[in-house]
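There are two complexes below, and they share chain A, which is joined by chain B in the first and by chain C in the second.
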Partner chain A sequence: MRRAAAGLLLALGVGRWGVARAQTDRLAGRLPEPTHAAALALIDSARAAGLPADPLVNKALEGASKGADGPRILAAMRLLAHDLGVARDALGASSSESELVAGGAALRAGVAPDFLARLRHEHPDEPVVVPLAVMADLVTSGVPADTAARDVLTLARAGLREAQLVEFRRDVERDIALGAPAGASAAVRVSAAARGVAAAPATPTGGTPPRRKP
Partner chain B sequence: MRFAPASRWLGACCALAASPAAARAQVAATLDAGASYVQYDGFIGSGATSLTPSVQYRTSHASLGARGTVLVFESGNTSLEGVLTGDGFSPAVGAARLEVAGEAGASTYSSFAKFAHTIAQVRLHLMNARRGVWGGPLAGHIVTGSAGRAVHGVEGGLWVRTGAATLSATASRTEVGDTAFSDLDGRLGWRRGDWDVEGSIGTRFASRGGGEGGYGDLSATYQLIPRLGVVVAGGRYPSDPVRGSIPGSFFTVGFRVTAPGVAEERPVAVVWGVGAAALGGRPTPAGGAVLVVVQLDSLLVLTIRAPGAHRIELMGDFTDWQPVPLATAGDGRFQYGVHLAPGVYRFDVRLDGGPWIVPAGAESAPDEFGGRAGTLVVP
Partner chain C sequence: MPDREDRWIADVAAELRRPVALSAGFDARVMAALRAAPRRTPLRGLWDWLREPRVVSFSPLGGLAAGAAVAAVALAGVWMAPRPAGPVAAAAPAHPATAAPVDVAFVLLAPQARSVAVAGDFNGWDPARTRLVRGAAGLWTVDVPLAPGRYTYAFVVDGRRFVPDPAAPRAVGEDFGTPSSVVTVEGGAL
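Here is the complex of A and B:
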């Protein structure tokens, strides 16, 4: 029994080491040596802090492909690691990598960490990738960050599903493209969307939207 | 204006069916409004105004379409026509695919001429993404007033797609009751930028009661602004005993309005794509590239529309930020299929070796390297 447990632990350890190795192997040959070593150290340190490594590897690869110099690549990685850390603190340690990436993007767009925490608090057992991405997109489209975050919180609280949130974002973007002020469009659309949900009949299972598979 | 024969659409349908990466589940709706001068054989020429709504739902394996025409002549008489079409393709066995197609329609002229038809066709296709040959029988029934007649026939043809052009040739023999005739025609469709040109030329021979001689038409559509084009068309067409039209010549000038939000390929799932730019909103970035994303189960098909571009490359989180070329899909479209787990992905595209850009239709954010990166969210 003890031998089996030791074997399992060994297998888990080897598996995690294998994943980490595969992540950092993606950088091999893509960065000049001083930058490569610094990037690996940065990734190791992020991993030790419980942050996902893949987004950092992706950022390094993006910088390399776009011809950025080493210091700039490392600065971008540090910035992302910081955002991921703040997102993790706001969204909770059990958040998925996708949630942290989406949360980091929302923070980078200007959304305050408190909104991320409130979103998680109100939806503790649901993935919040889409609401976070909608927040970031709205801000990018010109909606003030606090307005965008409050609007998405309102809609998520009203029970909008992911598809409806995407539709809301699309409506706002269309309004903006047609010349409507971003904030005004969001206010009108959020009101309409929330009313639509309130007026919608309950689902046969009692009104809660179906959960997504893990 | 007059209905184009069903075979007119065959080249496009075959091209779509032959393309495994073609974005599926497309809906296209248009409304043509125009002024025409028509000269039916045996009649005095007349001006007419016309209205032609059309809608088509198309996947890579099937399509359904409906079209109608309201024609009001100088005399005040009105011609109404409507037709429903549908076809379905079997899965490919090597280069072979079987197609089953059907068409049903009806027309009236003023209050005294009424016509209806139904046709079913089976076609065997041998094709790849760029060329194909096909052939098969057709059978149906027409009703004129209270009398009905059987329709039999056989058709065969070939098509070739090269660059922006699709060329097809068709040979057919049709019998409608005691009327019989053979047609041989060739068609060319060409799309580039804002221009869409179609032309045909053909001849009818070995005819018994169906008329003989040459015919042909040419139409050009120029996209004035998104969703609004001007159409100029003219030509001569033969009698169509199956669909109940007499021979004549025509010249038409009109406008084609494309219904908002449905003529473009649209996402069928909640994947980021088709932003305001794709819907005719904000200006597109350099190159005019527009992204449309369609989700088919776990497969995402990214389609970049960039008329005029010869090569498009994409790089992103899902390519390890290594440039990969997109496959050309004709009509200025380039496609890339990828299986992605739910998450947030960043990417850029490059047209003809130019700078890396974010196509319209995708959200973008600064990339910390002096440029921007597009965002793709897979819920």
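Here is the complex of A and C:
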């Protein structure tokens, strides 16, 4: 029995080491050496703190691909690690990597951590990637951060599905592109979307999602 | 008395042993009748054997054993039969769509471009891995399968110029001086 438990632990350890190695291997040859070593140390620290490594690796690769210098890449990685940590504290330790990435983007856009915690509290058993992403996207479109967060919470509470939230975001962006004030557009669209959900019959879910554009 | 019976039996035997006088065409008629009869093939013989009623008897123990064997064969057939690949409601995870990749179409109108690629979180920010194909009027497109999640990306025009997607939300912040875009792939939740 002890041998089996030891073997299982060893296998798990080897598996985790293999995943970590694969993540950091992606940086090999993409960063100059001083930056590479510092990036690996930063990733190890984040991993030790229970944060996902892949987003940090992706940030480093983005910087390398865009020709950024080492200090700038490391600064961006540190900022992202901080955002991921705050997002993890607000959303809970069991949150997925995608949720932390989307939560980090919402925080970076200016959404207060309390809104993330409320979203998780109201939807404890569902992925909240899309609501968090819509919050961030609305803010970058010009909607004030508190307004965007409050609107998304309202719509999620009203029962909007992910696709409807994305449609709401597109409607607001279209209004803004046509010259409407961002806050006013969001307010009008929130009322319309909430009324639509209340009036619409229940629709079946599932099936193969269609091909889509960003 | 016994002598008389013996002689009578001997007479009957002699009569039976006496060759039968057949008409001259008897053999030919028999052979013709045989040739005219329908030939019995092995398959026909098997069919006749199968159709012939028979009485089969076995002990109660043998009957139970035979029934168990039939049930075992039927269960094995059900167990080994191929199952449908699609999700089955009872066996599906709570959020079945969270792992299924979706084809996302990346599109850029760039009539003057000689090459367009897309680099992002989904391909290690390596422009060489995902090139767009030029269509009519300089419309460049590519489909990339993405699992649900949020990805940052940018187009790379002519191998060096990073361009955000004009049809997608901008990524928050410009960490490296050039803007990127984001795509959020839904998972079918909420």
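FYI, the second predicted complex is superposed on the first by the 201 of 214 C-alpha atoms of A that agree within 3 Å, B and C clash if a C-alpha of one lies under 4 Å from a C-alpha of the other, contacts with A are read in each partner's own complex, and residues count from 1 in each chain.
The rule we apply is simple: a contact is a pair of C-beta atoms (placed from the backbone, for glycine too) under 8 Å apart; a residue touches a chain by one contact, two chains touch by 3 or more.
In this text, all values refer to a predicted model and were calculated from it rather than measured experimentally.
Bringing the complexes onto one copy of chain A puts chain B in a clash with chain C. Legend: residue contacts after superposition of the two complexes on their common chain; A:His123 is shown touching chain C, with no touch to chain B.
In the superposed model, A:Thr140 makes contact with both chain B and chain C. Looking at the shared chain after the overlay, A:Ala112 reaches neither chain B nor chain C.
Between chain B and chain C, the partner in contact with more residues of chain A is C. Looking at the shared chain after the overlay, A:Ala156 reaches chain C, while chain B stays out of its contact range. Judged by the touch definition given at the top, the superposed model places A:Arg174 against chain B, while chain C stays out of reach.
Once chain A of one complex is fitted onto chain A of the other, the partner contacts of A:Pro131 are limited to chain C, with no touch recorded for chain B.
When the shared chain is aligned, no partner comes close enough to touch A:Ala187: not chain B, not chain C. Overlap of the chain B and chain C interfaces on chain A: residues 26, 58-59, 61-66, 68, 72-73, 75-76, 79, 97-98, 101-102, 105, 108-109, 127, 129-130, 133, 136-137, 140-141, 162-163, 166, 173, 212.
By the touch criterion stated above, chain A contacts chain B in their complex at residues 26, 58-59, 61-66, 68, 72-73, 75-76, 79-80, 97-98, 101-102, 105, 108-109, 127, 129-130, 133, 136-137, 140-141, 162-163, 166, 170, 173-174, 176-178, 212. Contacts from chain C toward chain A in the complex involve residues 87, 94-98, 100, 102-107, 119, 121, 124-127, 143, 148-150, 152, 162, 165, 167-173, 175-178, 180-190. Those residues of chain A whose C-beta lies close enough to touch chain C in the complex are 26, 55, 58-59, 61-68, 72-73, 75-76, 79, 97-98, 101-102, 105, 108-109, 123, 125-131, 133-134, 136-137, 139-141, 156, 160-163, 165-166, 169, 173, 205-206, 208-209, 211-214. Residue ranges on chain B touching chain A, taken from their complex, read 269-270, 272, 274-277, 279-282, 315, 317, 320-323, 342-344, 346, 348, 356, 363-365, 367-371, 373, 375, 377, 379.
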